[in-house]
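There's a structure below that I have some questions on.
A, B, C and D label the chains in the order they appear, each numbered from 1.
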Amino acid sequence: MRKRIGAVVFLVFFAFLLLSVYDLHEFGAPPSEMDDYIIKNTQNETGANNAVTAVVFDYRGYDTLGEATILFTAVAGVMVLFRKGGENEE
Amino acid sequence: MNDWIVTNAPILIIATPLFAAFLTPLVDRVSKRGRDAMVFVATLITLVIAFILAKNVFDNGLVVYTLGGKSVGLTLPSGYHVPVRIILEVDGMSVFMAMISTLTSFVGLLYSFSYIKGEGSGKYYTLFLMMLVGMLGMEMTGDLFNLFVFLEILSVSSAALIAFYARKGKPLEASIKYIIISSLAALFVLFAIGLLYGEYNLLNMGALAGEISSEATFTFTTQIAFILLFASFVLKAGAAPMHMWLPDAYGEAPGAISMVLVAATQASLYALLRVCFTVYSMAIDASTIGIILISLGLVSIFIGATMALIQINMKRLIGYAAVAEIGYILLAIGVGFFELAKVGGGGVISEYGLKALQGGVFHIFNDVLDIGLLFLVAGAVIYVTKESNLNKLGGLAHSMKYSSIFFIIGMAAVSGLPPLNGFASKILIYESVYKVSPITSIIAILASIFMLAIFVKIFHSVFMGPKLSEFATCKEAPKLMLGSMAVIAVIMIFFGLFPDFVVNNIVNPAVNALMNQAGYIGSVLGGV
Amino acid sequence: MKSEGLSPIVQTIAGILFPMILIFSFYVIMHGHLTPGGGFQGGAIGASAVVMLIVAFGAKNIEKKIREEKLSAFESIGGVVFIAVALLGLVMASTFMSNFLVGDIIFGKIPPFGSNLGILNSGGILPILNLAVGMKVIGGLSAVVLVMALASKEEKNDI
Amino acid sequence: MIYNVPFLAVVVLIAIGAYALLFKRNLIKIAIGLTILESGVNLFLITLGYREGDVAPIYTNLPSGRGMVLPVPQALTLTSIVIGVAVLALILSLIIRIYRKYGTLDSHEMRRLKE
C-alpha cells in the first residue's frame, strides 16, 4: 500500500515536471536581456576576457563568496564529525 | 564614519561574522581564549549593526545595496533597464528577522561558552557563526539565487551542528534526515529559480515581481515555479505534513543550537513570506493561498499539540510544541493573506486582516523567544543530569531553582498566558481569526490550553516531587547559562508588559514592508 | 605499515606527476579570466594531485607529512584573502566586491573590445580572487578526502 | 517540439533521482539519488543558457562573427556544482559515521529515534 501511494505521488510529480518544461521557451532561443548586457560590457567593466569568470567573480561575486563559504562549512562539518576524543561529552 | 557604517550596514552585518568564521580556525591554533573573545566580539558587533540598520530602515524606509556597483544605490547599470548585479534589499521585515537572528545567536553564544567543551569546540564556533551568516544572508538578500546559496549555507552548518555529538547514534540520524530533506528542498528551489530565469531572464526578486505583476504574464511555468518554491519553503519551515525532520533535529542538537535552529526555521518562513507577499502577490489567487496557509497552520497546531503529549524525551516534546507554534504563525499569516485578497491588494487591508498579520509577525519573534527559552532550560537540565527522559527525571527544583523559574516563564509564554509575550501575540491572532472563522479560533485556543496542560505535566515530572537519589549531587546550571536564559526571559516579560510599544515600533514596520510590494519593486526598478 | 599505499612503481610515478599537476592547476587558476577555467576548476585539479598522493602512499603516511589542520588553515587563509579583497573594494572604491583594480597598475589593463589574444595583466580583482578560491578549494577538498580516508582506515573498535 | 528534448532529459534525470530518494532504503543509494537529482538541475541551468550556433562566452581567440551563449547560467551551475560537492561530502561523512555506529546502511533498520 505504501509503495502504491509512493508510485502515484511519483507519477504525478513526473507529469508535473514534464508540464513545467513544456511551456518554457524553445530550446536554443532564450530571453537574454540581462546576459546581453554582461556579454557586451564584461571587457570594459571588468577587464576580463572570460565572461563566465566575470560573472562568477564580479557581477555575482557575492554568490561565489557564499559558495566558498559552503565549502568551508562542509570541511569544518566533516572535521567535526571525525574529530578525535569526545567520548565523554554531554 | 558613522554615515559609512549606516550606508554599508547591509553588507557589514554579513561580512563581520563571515570574516570571523574564516579567522576562527587560524586563531584557534594560537589561543582558545583569543578565539572565544573574537567570536564574542564579532557576534556583538553584528548585533549592534543589526540595531543600527533597523533604526535606519524604520526611519528612512527600504535600503538597497548594489554589490560591486559604482555606487550603493545604483541598482540598474547606467542606461539599462534590468538589474544585473546582486542587490541586497533590506526592508522592515528583513531587519525584523535580522534582529531575531542576531539576538538568538548572541544569547546562544553566551550559553555555548559554558556548554561546549573539549575537542572540536573551534569548529563548533566556526559553524555557529556560519549559521548566523546563513540566516542573515537569507534575510538581507534581494536576489533569488543568492537566497538559495545562503539557504544551503544554513542547511550545511545546521546539519553539521546537529550531528555535533557524533559518537552517538541519534544525532547522526537526525542530521542525515535533516540534510537530505534540506538539500532536496534546496534543489527544488533551484529548479524553480531556473524556471523563472528561463522565463524572464531575471534573478532579482523585485524585478521578477515587476514582471509577474499581471495575470497576462503569469504563465504556466511561473505558476509551477511558485508551487515548487512554496512547497520547498513550507518543508524547510517545518509546517505540519512535512514536519517529520523537525522534532528530531531540534531534539538531538546541542542546547544552544536548538534555539538557534528555531530562528533558522523562521528564516525559511521569511523566505516563504517573501515569495508569497513580494514576488507573487499581484498575480496569485491570494484567497486560495490564504486558505492553504490556514489549513497548514491548523494541521500543524493539531499535530504539534497531540504529538507533544506522547513524547517522553524532553527536547523532542518541545520540538513538537515548536511545530504547533509555527502553525499559529501560518494561521495568522493565512488569514492576513485571505483578507488581502478580498480588498484587492494595493496595501489596503481590513482592520482585522491587519491585526492577523501583526499577530503573525509578532508571533515569529515570540515563538523564537518562548521555544528558545524552553530549549535552553532543557539543555541546562541535560547538562546537569545527563538525562533527557521525562520518566527518569524528577525533583530538580530542589537544586535548580532559577532554571525552574525560567521554565515556568517559558511554558506560560508558550501556552499564551498573560502577562507574557505569548499572550500578546496570540490574543491578536485569536481575535482576528475569530472574525474569519470562529471555529478555527476556538481550535487554536483549545490547542493552547492543551499545551499548557502538557507543559504543567512535564514541569511537574521534571522539577517537582522529592529529591531523587541519582540527582543528589546535581547543582544549579553554570552562571553563564543562567545569564543567557535571564536575557531571554527579561525580553519576554518586556514584550508581554508593553505589547503596544513593540507592535508600534517593531512589528508594524515589518507588516507594512510586507504589504508594500510596489515600494519593493520600485526600489530596484526606480519610478517610485 | 606494510599494507599502506600501492607499489613502488605507482609511488614513483605519482611523485613525478605531483608537481606537474600542481603547475597545471596553477596555470588554470591564473588564466581563469582569459580561458575556460578559474579558481574552482584549477583548485579541483590541484586537490586531485593531493588525492593521487593519498591513494599512492596511503592516508596515514600523508598525514605524517601534512596534517589536516594545516590544510584547513590553508583553506582559511584563502577565505580570509577573498573577503579581505571584497572588503578592500568597500574601502578603496564604493561598494563591497567592487572591482577597484580595473584601470590600475596591477591587473588593470583593459583588453580591446572583441576577439583578442588575451592579456594576463587584466581583470582587476578577478585573478586575485581566483587565486584565493583556488587555495580554498585545494585546501578544502584535500582536507575532506584526507579526513575521510583516515576515518575509513580507523579500527572499528575506535568508536 | 523536438527541440525541447534537452529539457525532457532534465526531467528524466530529476525523476530518476526522485525515484531513488522515494523508494530506496540504502543510504548510499539515497545519496546517489540526490546527486543524480542535482545533476538534472545543473543540466537544466546549462540548457537554459544555450543559444543555437553560439560559442562559449570567452573573448580570447573568439572566432569572428559568432555570438555567445548566456554566461549567467554557466556561473550559476558552477556555484551549484560546488555546493553539491560540499553537501555530498557532509552526507557521505554522516553515512560513514552511521555505518560505524549501527553496522548497517538500511534506513529502516536504524529507526531508534522512535521512542
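Please note the rule applied: a residue touches a chain if its C-beta (ideal position, glycine included) is under 8 Å from a C-beta of that chain, and two chains touch if they have at least 3 such contacts.
Everything quoted here is computed from the prediction, not taken from an experiment.
Trainee: Report back the single chain whose CA centre is most distant from the CA centre of chain D.
Mentor: With centres defined by C-alpha atoms, farthest from chain D sits B.
Trainee: Between B-D and A-C, which chain pair is linked by the larger number of C-beta contacts?
Mentor: A-C
Trainee: Averaging over Cα atoms per chain, report the distance between chain B and chain D in Å.
Mentor: The separation of the two C-alpha centroids amounts to 28 Å.
Trainee: For chain A and chain C, what's the span in angstrom between their mean Cα positions?
Mentor: Centre separation, chain A to chain C: 21 Å.
Trainee: Centre to centre, by mean C-alpha position, how many angstrom separate chain C and chain D?
Mentor: The mean C-alpha positions of chain C and chain D differ by 23 Å.
Trainee: Counting only Cα atoms for the centres, state how far chain A is from chain D in Å.
Mentor: 9
Trainee: Mark out which residues of chain B touch at least two other chains, giving numbers and ranges.
Mentor: 18, 22, 25, 67-68, 145, 149, 152, 156, 159-160, 163, 166-167, 198, 203
Trainee: Of all the residues in chain D, which ones touch at least 2 other chains?
Mentor: Within chain D, the residues that touch at least two other chains are 14, 44, 48, 56, 58-60, 72, 76, 78-79, 82-83, 85-87, 89-90, 93-94, 97, 101.
Trainee: Residues of chain C that touch two or more other chains: which are they?
Mentor: Within chain C, the residues that touch at least two other chains are 34-36, 72, 76, 79, 83, 86, 96-97, 99, 111, 116, 118, 137, 141, 144, 147-148, 151, 159.
Trainee: In their complex, what parts of chain A are in touch with chain D?
Mentor: Residues 3, 6, 9-10, 13-14, 17-18, 21-22, 24, 26-30, 32, 34-35, 38-39, 42-43, 49-52, 54-56, 59-60, 63-64, 66-68, 70-71, 73-75, 77-78, 81-82 of chain A touch chain D in their complex.
Trainee: For chain B, which residues count as touching chain C in their complex?
Mentor: 8, 11, 15, 18-19, 22-26, 29, 65-72, 167
Trainee: Which part of chain C faces chain B closely enough to touch in the complex?
Mentor: 69, 72-73, 76-77, 79-80, 83-84, 86-87, 89-90, 94-99, 159
Trainee: State the interface residues of chain D toward chain C in the complex, per the touch definition above.
Mentor: 56, 58-64, 78, 81-82, 85, 89, 92-93, 96, 100-101
Trainee: For the complex, which residues does chain D have touching chain B?
Mentor: Result: residues 14, 21, 27, 30, 34, 37-38, 41, 44-45, 48, 72-73, 76, 79-80, 83, 86-87, 90-91, 94-95, 97-98, 101-102, 110, 112-113, 115 of chain D touch chain B.
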